[in-house]
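The following blocks contain the structures, represented as structure tokens.
Two complexes, one shared chain (chain A), two partners (chain B, chain C).
Let's turn to the complex of A and B:
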């Protein structure tokens, strides 16, 4: 029996819902990608239902993470209720950003659709309509080909071939009630995607064995990032990296020229700009617990470094330490913000 | 002490070095370091990743044997890296800095903004045939591309596959700030490279290395792209293209429709060196209220807001000093030809300000100078 694939998003149904919600005044705005000049897609905050005819939820390529688009204007809850139509990883990142004080989800309804994945940015640039095929990893970005969490997130989700609507939270249920819409009975039936999820999980596990053998240890990490040009694009596209002044750019943290010359003398040479590993390991330390494995970092990297796969692998390890899952338990604090007297004994001498 | 030269200035001496540009440059670097003329060398070197390069400060002559000065690639803009390095302190030894003409021009501008200085440098530049995009060089057919490049550069032609910015660059030689200029001889004969000694500092270094002006070598200046050079035609074509009057804003919106706001263009630019960019400050932040209100009044608003604000802002800040190196286009993940836009805007702005970036190390930055009668071409 061939595995059931996430269906292409049932656009018309979802956009109808969004339009009805705007018209009824149940929401003041809808966050959804729209078609832009030249065929690319750009996130838009839509208040006029007539504009929704240019909307394209879950477009073929994820160019900007939906949670970053949301965070850019939803730090405070003013302006009435908002409906955000997102991929599952975008909804998870929104929950993390709320934990990090960057989004106020009080008046936000996170709605997701089953995600077939995203084509790489290069593919999208060459062909604006090239579509991802969840059954064919060669059409997908590397992390999409490993993703097992492609359905059933947020306050409500449209799932399955018929796009049935499920309320996943009290907020989602209340929103649907306001519109007079009865959600489908019970939770979304995720078992229909079990075969695909298992295949993705196998691919992820194999990839991680490869990554560990190829790039494990300090020397391996140095080799992994040897082509890095320090452009910081991975950081800027990352939905979790929200600091406007990153630790690596702080004036007082920069390595002085004298120290760099001394390093050059000691080792025969020093790479410039310096501190490539410090940046990447620092970023890992700061965002790993909230990483949702969206893979934008890798897709945007101009030096073709598999940084997304590495971050995802590291995140599996760090979140595993705390039994934590990025995007779960909205409103609960981060593990690093929780003091437990009795934990992490495995790291004691 | 500045080393001011211009295109017409004659070198103090010319030495013939054997080998093509890269080889000759490497040999020169090894000797400068080994004989103590300099204490370190700033140049490109290979990394552990296949056909990927990085900038480095090299102190060991043995490691320098494997360095790649003037390899036809620019993973990072040399001025950005050098200014970053010199901005954090003063070196205690002389450093030989290999910089392509556009990197040197950008460095001259950065020095005016107190991001570095010439005192501790021996600047070695070249007659530049352009660079290949780093990802193309690292591709499967990178070796072939490189071989074609070397062949074309040796015959004085326009190599295929180089950056668009390079294919229309008419400033292929440095006009100020270089102590030494290397230029590969053009022609089918055995490869050699001329070393032009432009300053007393260069002459002293050459003397230390026992380098002698070769008898019979021309003491003429290094020349840039001639009137028939395809680079000139390409530049004219770029300046002639562009939006119609009045269509500027609309064309900007179209050009940046696929922008993902990654800021790679800013991070790559040698002249964008603010620690906290204007467009990351509270002053330019779009408040939630403003976004919601505008979305309300227009029916829809692109978010994150301020895409055009950022790019227009960068155009305003950088166009007086843009050196058209093309680093911005190369790093853009959305493939937007940022460098084309900047080149067109900069040509107009620099002509209005009568300013040539990198030409005069002792001059003041253009916007810092008050002149009572100026910019008359911009008034009605």
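Let's turn to the complex of A and C:
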């Protein structure tokens, strides 16, 4: 791994902390990826400190989003205190899901480590140990290569080559206090990553210029999504998509035959099943404010459509409108639920 | 524009509204265009449909032609929806099978060009006709009005009103933040106020809850569900009352200007009463009805409505009590809104977004099942929750997706 993010002594340090917390009874469980049979990794709820030997806190690939694993456990505070060891984008998604009423974070400590990124699933299938190199975008998934928020999230973060432990919230501080651990002074020092973040910012901006020129406008979007096979995998793997039944699948919004004939009549033909574009644009409308740019949708797309980069680009625009950032402060209200008399004047006549 | 399915027998009535609509657009053309739509068996114009003659004519047509749907192209439903619903009900048609197309406020009053206005009216009427085919009958239900009254504030006005109400046999619950009854007048040592306080405390029909304030007040005229709370946050059992009298008084600041009592803004918001001048509640009419707020069943007496003398406070208390006694009649049936929202238990993800947008406190969260539910008696059918639900789990009964889609298709046809 490159010297930008040296092999992490915190790996063992973080697991040591988790083991100590379990042994001391400060938490009832630890959520962490574990090595599974066949060389893959799986999110696991660990209660026996001895099992942490098999944990792999920053696995090379992202298979299931950590926030999704967390949401399957922490729907209410009843489960007791849990320490969740996550990537920064997973911690932000967890906070966003809490705002959306899908996770209860009252008894959850979110702990993150500096994330080197993930290798594409294709790479991972070929070689379970192929590791991401944060300095070499060719080893990373496309959205990881653009990610600038790869450190310093959650209640606690272990950061830098020495793995210094910082408490970012009162909950994080209280947790460390319970274990008799003194957190490092001050906020996590992010300057060391400034060059890498700036480079990735430039890459994202260039990529977005390209996407806009290729796929801008209705005709561009039709071309972009024409290869969609309608598998809905992008929706299935998305950590934020939480509806129990997607709007696109609801029976009472099925398009009647008469309407399809009318649409066909306009251009001479209509694509069936209908509403491919509606599905993707609908997803952008529904999810872009809460998107944490984790990139799972794009990595999973069997048709190689840049759904993640598109969503991330749209998200930059929509969140910018409201000065919002998905998964930042937990108490902050959702912009679409907040009525302000004085906003969005740029859209007035 | 055609739509599949059996088209119900539909009558379209285009109202001229005197010269209001007829003067701005060609209502004959609108009726002629409507006559060509599927299911329309009758499309005609009328000078003033809300007049007694117009209503009689409408009822006759519904009966003669066996109409299953009625589309009224006229004014805003805010003005005459109820009028025409009643006509339909009288003629044996479920009132929710009537759809209004607002071609007065939305067209005649805002679109200058006669040709454009006529074309716009045709689109709006087409949308209404297509939507009306998908309407489903809804049943009007009611609940019996609660004659009991809550008074907030046990000062001179609150005590005077409570005594009048109690002497007429009404159960009265009086809340006051202070632990003593009497308010400013008793503190000032006014002997009449002291005497009033003693009668107030001795009156068996009055339940006085010292040191309390309303924590929440969902409901409406005839059926408010008031939950008192103590200063320490302790909640008391819900009190069901038909009307609420605000007698919270006012205070004078160091500069000599008067403000409503502390916490009044919160109380006003809870009751959806708008406040105007200096934070005092707005009234139905400054001279003709100074004790009624625009919210039915919420009244104001004494200093809560603005600074006043002890004499005026007692007089306004009498007026407010009289208004309550004459309008809130025991045993009277109050109509509830049939166009409520319903939440699908299967689709609800329990995110509680609906609760943040409901202005009527009609949605609550069931922690055990992890879903939200609508109290149909409190729901006013505004549709906020249905629009806000990220999961599409909420349906507004009178604005179902097929009804909306057909209307949009009709307007765009």
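Note that in this section the second predicted complex is superposed on the first by the 336 of 349 C-alpha atoms of A that agree within 3 Å, B and C clash if a C-alpha of one lies under 4 Å from a C-alpha of the other, contacts with A are read in each partner's own complex, and residues count from 1 in each chain.
Convention: a residue touches a chain if its C-beta (ideal position, glycine included) is under 8 Å from a C-beta of that chain, and two chains touch if they have at least 3 such contacts.
The model shown is predicted, which means the values in this text are computed figures rather than measured ones.
*Asks:* Clash or fit: how do chain B and chain C relate after the overlay on chain A?
*Replies:* Fit: chain B and chain C sit side by side once superposed on chain A.
*Asks:* After the superposition on A, what does A:256 contact: first (chain B), second (chain C), both or neither?
*Replies:* A:256: touches chain B and chain C.
*Asks:* With chain A's C-alpha centre as vertex, what's the angle to chain B and chain C, nearest 10 degrees?
*Replies:* Once the structures are overlaid on A, chain A sees chain B and chain C at 90 degrees.
*Asks:* After the superposition on A, what does A:75 contact: first (chain B), second (chain C), both or neither?
*Replies:* both
*Asks:* Of the two partner chains, chain B (first) and chain C (second), which one does A:102 touch, if any: first, second, both, or neither?
*Replies:* second
*Asks:* Examine A:25 and indicate which partner it touches, taking first as chain B and second as chain C; both and neither are also allowed.
*Replies:* Once the two structures are laid over each other on A, A:25 reaches no partner at all.
*Asks:* Report the partner of chain A that touches more of its residues: chain B or chain C.
*Replies:* B
*Asks:* Should A:161 be classified as contacting the first partner (chain B), the second (chain C), both, or neither?
*Replies:* Touch partners of A:161: none, neither chain B nor chain C.
*Asks:* For A:317, using the defined touch cut-off, is the partner it touches chain B, chain C, both, or neither? Pick first, second, both or neither.
*Replies:* neither
*Asks:* Touch test for A:244: chain B only (first), chain C only (second), both, or neither?
*Replies:* A:244 contacts both chain B and chain C.
*Asks:* Once the structures are superposed on A, label A:201 by its partner contacts, choosing first (chain B), second (chain C), both or neither.
*Replies:* Neither partner.
*Asks:* Closest pair of CA atoms, one in chain B and one in chain C, after superposing: how far apart in Å?
*Replies:* 7
*Asks:* Touching chain B in one complex and chain C in the other: list those residues of chain A.
*Replies:* Chain A residues touching both partners: 75-76, 244-245, 250, 256-259.
*Asks:* Using the touch rule from the top, collect the residues of chain C that touch chain A in their complex.
*Replies:* The touching residues are 2-4, 346-353, 356-357, 367, 370, 388, 390-393, 400-402, 405, 409.
*Asks:* Using the touch definition from the top, list the residues of chain A that touch chain B in their complex.
*Replies:* Residues 28-29, 31, 34, 36-38, 40, 42-48, 50-51, 63-64, 68-70, 72-76, 78-80, 121, 125, 222-223, 226-227, 229-233, 236-237, 244-245, 249-251, 254-261, 264-265, 268-273, 299-304 of chain A touch chain B in their complex.
*Asks:* Please give the residue numbers of chain A that touch chain C in the complex, ascending.
*Replies:* 75-76, 100-102, 242-245, 247, 250, 252-253, 256-259, 286, 334, 337
*Asks:* In the complex, go through chain B and note every residue touching chain A.
*Replies:* It comes out as residues 39-40, 42, 45, 47-49, 52, 54-60, 62-63, 75-76, 81-82, 84-86, 88-93, 134-135, 138, 253-254, 257-258, 260-264, 267-268, 275-276, 280-281, 286, 288-289, 291-292, 295-296, 299-305, 330-331, 333-335.
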